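Next up, some structures in structure tokens.
Across the two complexes that follow, chain A remains constant while its partner is chain B and subsequently chain C.
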Partner chain A sequence: MGLTDMDHPLLARYAEIRAEAAEQYGPDSQAVVFLLYEELLSVRAVLVQDRSANTLGRRVRELATGIQQRYETSGMVDSGRDHWLLSQNPVLIEYDREVFERRYRAALDACGVSALHLTTATDAFTHLRPGCTHIYVVDDESRLLVWPEPFSLAEMVFGRAPDQRLQGTRVVHPMLVPDRLRVRAAGELVVLGGPADCMVVANMKSGHFRPPPACADVLREVLREVFAVSDEDIDIFTVPQPQL
Partner chain B sequence: MSDITTNELLRVETIVENLRAIDATETGQEALAMTQAMSSAGEHGELG
Partner chain C sequence: MTNTIPPTGPAPGGLSTVGVEHECKWELAGDELHEADGLDRFFEGSVLSTALTPLRRPLTFVSSTVYIDDAARSLTRAGHTLGVVVNVASASHVCWLTLKQAVRRHAWRDGLELAERLTPAEVPQAINDEARLPVGHARRCRLVDGPLAPVAVATQRRVKSLARSADGVEVAYSLDLVTFRSPDAHCPPIGTYSCVEVEVNSSAPHALRLLGELADSMDQWLGRPRARLTKAQHALAAVERHTLMETAA
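Our next item is the complex of A and B:
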């Protein structure tokens, strides 16, 4: 008899807490989606150290499909107001200068942190925290820019709920490109493993730029180049465009 | 069991604790029960 998913202690534990969350908050709740996403990160963290673990490889594919399906059925709440598409192919999105200066300039100047331009996996593992969520953009020069401070689970949950803020400065994607406010992709990114062998999980969640699914191609190309990884070591989740 | 699996199992328990802490906040249950919205409509709740 072959090894089943439930024989792996990590998969079994995630299944247990996901079932509890589904019962408490609902099967389509963001609590459940977050747990699926965290399971993907855990499974990839183990898999990058033991690439022969077929059970985990299969589970990565199941999780990727399940997460994307949930993203497809949730979608944007609205279309946003302060950004516009400058170009369709390749995608180029610009954020409103006046709104940025009024809403975010002071916070950016006060926090004393700026986005890092990552050019290699060594760069990434020197400056980012593996397994943790960082926000990123691909700018108009196709550079990968990442905010060095990771986001906590609470920030991720409350960042998605109206009228909830944590104390302190809230970092948003336009703050990564204050000079030109233009991106080709934007979202959240997690690196796993180490500089010699790594995997990357990313998405297109940016309420300020609302990147269309086509941005995934841009990001994939940049990740291949920066991290020297193949497509099987990259997950990119896209967000459907709002219904206008 | 490998060290990385052990570490990830410990991380799962931290996630559980964090979820409980969020649940205990005033609007935590509501936030956790929301469907996965990609952005809120409010200026201050807008996703990065």
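Our next item is the complex of A and C:
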């Protein structure tokens, strides 16, 4: 007989911490959402080492459902002003050139860092930090571009803060595509495992491009190709679209 | 003396908004709501569903508000609300510092609503930063005195609908399920509250006439008078009750 959720030490520990956070901050708090996301990453990191762990596989599916439900009810801030949809199918979103040059060009030029074009899992595990969050875009040529510097734990809990490496300017998604400012998907991703066997957890959190849920299909296809993974090794969380 | 001259130019680095709201509210008892019945169908049969055209399906949002006030709780006691709306999950990187200034209270509440977008990291400094539009306005109007600090927390699940009347007035209405907490660490829920809110964000005479008609009909449909207290007042009362009990214990 396999382990139950409560028997598995990793799941039991997360359940305990999550219960404490829910008690202190509420079951709908960001603390709980953050812990669910962290649990998903931890469980996938273990699962990729031992794919026979059925308890963990089941928990991944539960977590994915729970996180997406929370994303659906977290609201959308507004529709944004500086980007527009060029095409619905396939999705293509463009950021405003004038705004980009005014707000982000100098910081991008000064930082001496640029997005990496990842074409294989080996590429990814050479340049990215497994288990850490990086921002990515899929550009208008369906290339996966990722910012090499991961974000800190605090940034993942409280949102991406001004980045001191860039003189107080946050690294933002348009900085990954400075030439054409066009994307088919954008958000955050985490790679887990290693180049020979890996999993990817991603989302569509981009305040600059506000990718619609349809972008998940684009990203899934690109991840399958770059990482040679199947759909069950990928989680993609979509963000509710601005409503009236 | 506090400078009463309004600020000029844009907010420093932030996005800010200024608007009006005209709002009616009805308090609900906890046992009137049954999640299993589908909260998004709560308004079926009311004038809101029969007299207006929905602009989209009802949406559910979860957010928390940290209420801010001075030591005398001057804002809350006067019916104004200063708070930081904290989002979660996909919107966790965005907070809003908001001031709802009650301008007049009659059949409904006429209010001025100022909001400024913040990152979560900016919140601790922003609540006492007069360069922030909501805080500066509260100071210039002398609604507060002395340092400001968190006084209560409300976490709200809102089922929100948007609809339009035949003559083009947009009406927002919602069902709010709220849990109160103290801003102190390690504080379990100290109270709950549920209400119906109906509001328009236009001061045009025909919009206010419509609000009055809808509110009269909702009085009948819900079978109770309109609520007078703000959520911040309920939250503060819950915190004060909790503090008294803690002290007595």
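As a convention for this text, the second predicted complex is superposed on the first by the 230 of 244 C-alpha atoms of A that agree within 3 Å, B and C clash if a C-alpha of one lies under 4 Å from a C-alpha of the other, contacts with A are read in each partner's own complex, and residues count from 1 in each chain.
As a convention for this text, contacts are C-beta pairs under 8 Å (C-beta built on N, C-alpha and C of every residue); 3 or more make two chains touch, one makes a residue touch a chain.
Values in this document were obtained by computation on a predicted structure and should not be read as measured data.
By the document's definition of touching, both partners, chain B and chain C, reach A:V239.
Using the contact criterion defined above for the overlaid structures, shared-chain residue A:Q30 touches chain B and also reaches chain C. By the document's definition of touching, neither partner reaches A:V113: not chain B, not chain C. Looking at the shared chain after the overlay, A:L10 reaches chain B, while chain C stays out of its contact range. Partner contacting the larger number of chain A residues, of chain B and chain C: B.
Applying the stated contact rule after C-alpha superposition, one finds that A:Y71 touches each of chain B and chain C. By the document's definition of touching, of the two partners only chain B reaches A:D50; chain C does not.
In the superposition on chain A, A:R210 contacts chain B only, with no contact to chain C. Shared contact residues on chain A (touching chain B in one structure, chain C in the other): 26, 28-30, 33, 70-71, 74-77, 157-162, 205, 207, 239. The residues of chain A lying in touch with chain B in their complex are 9-10, 13-14, 17, 21, 25-26, 28-31, 33, 35, 38, 42, 45-46, 49-50, 70-71, 74-78, 80, 103, 131, 135, 152-154, 157-165, 170-173, 188, 205-208, 210, 239.
Interface residues of chain B, counted against chain A in their complex, comprise 1-2, 4-5, 7-9, 11-12, 15-16, 18-19, 21-22, 27-48. Partner chain C is touched in their complex by these residues of chain A: 23-24, 26, 28-30, 33-34, 67, 70-77, 157-162, 203-205, 207, 237, 239-240, 243-244. Here chain C touches chain A in the complex through residues 55-56, 59-64, 86-94, 117, 119-121, 155, 157, 162, 170, 179, 181, 185-189, going by the rule given at the top.
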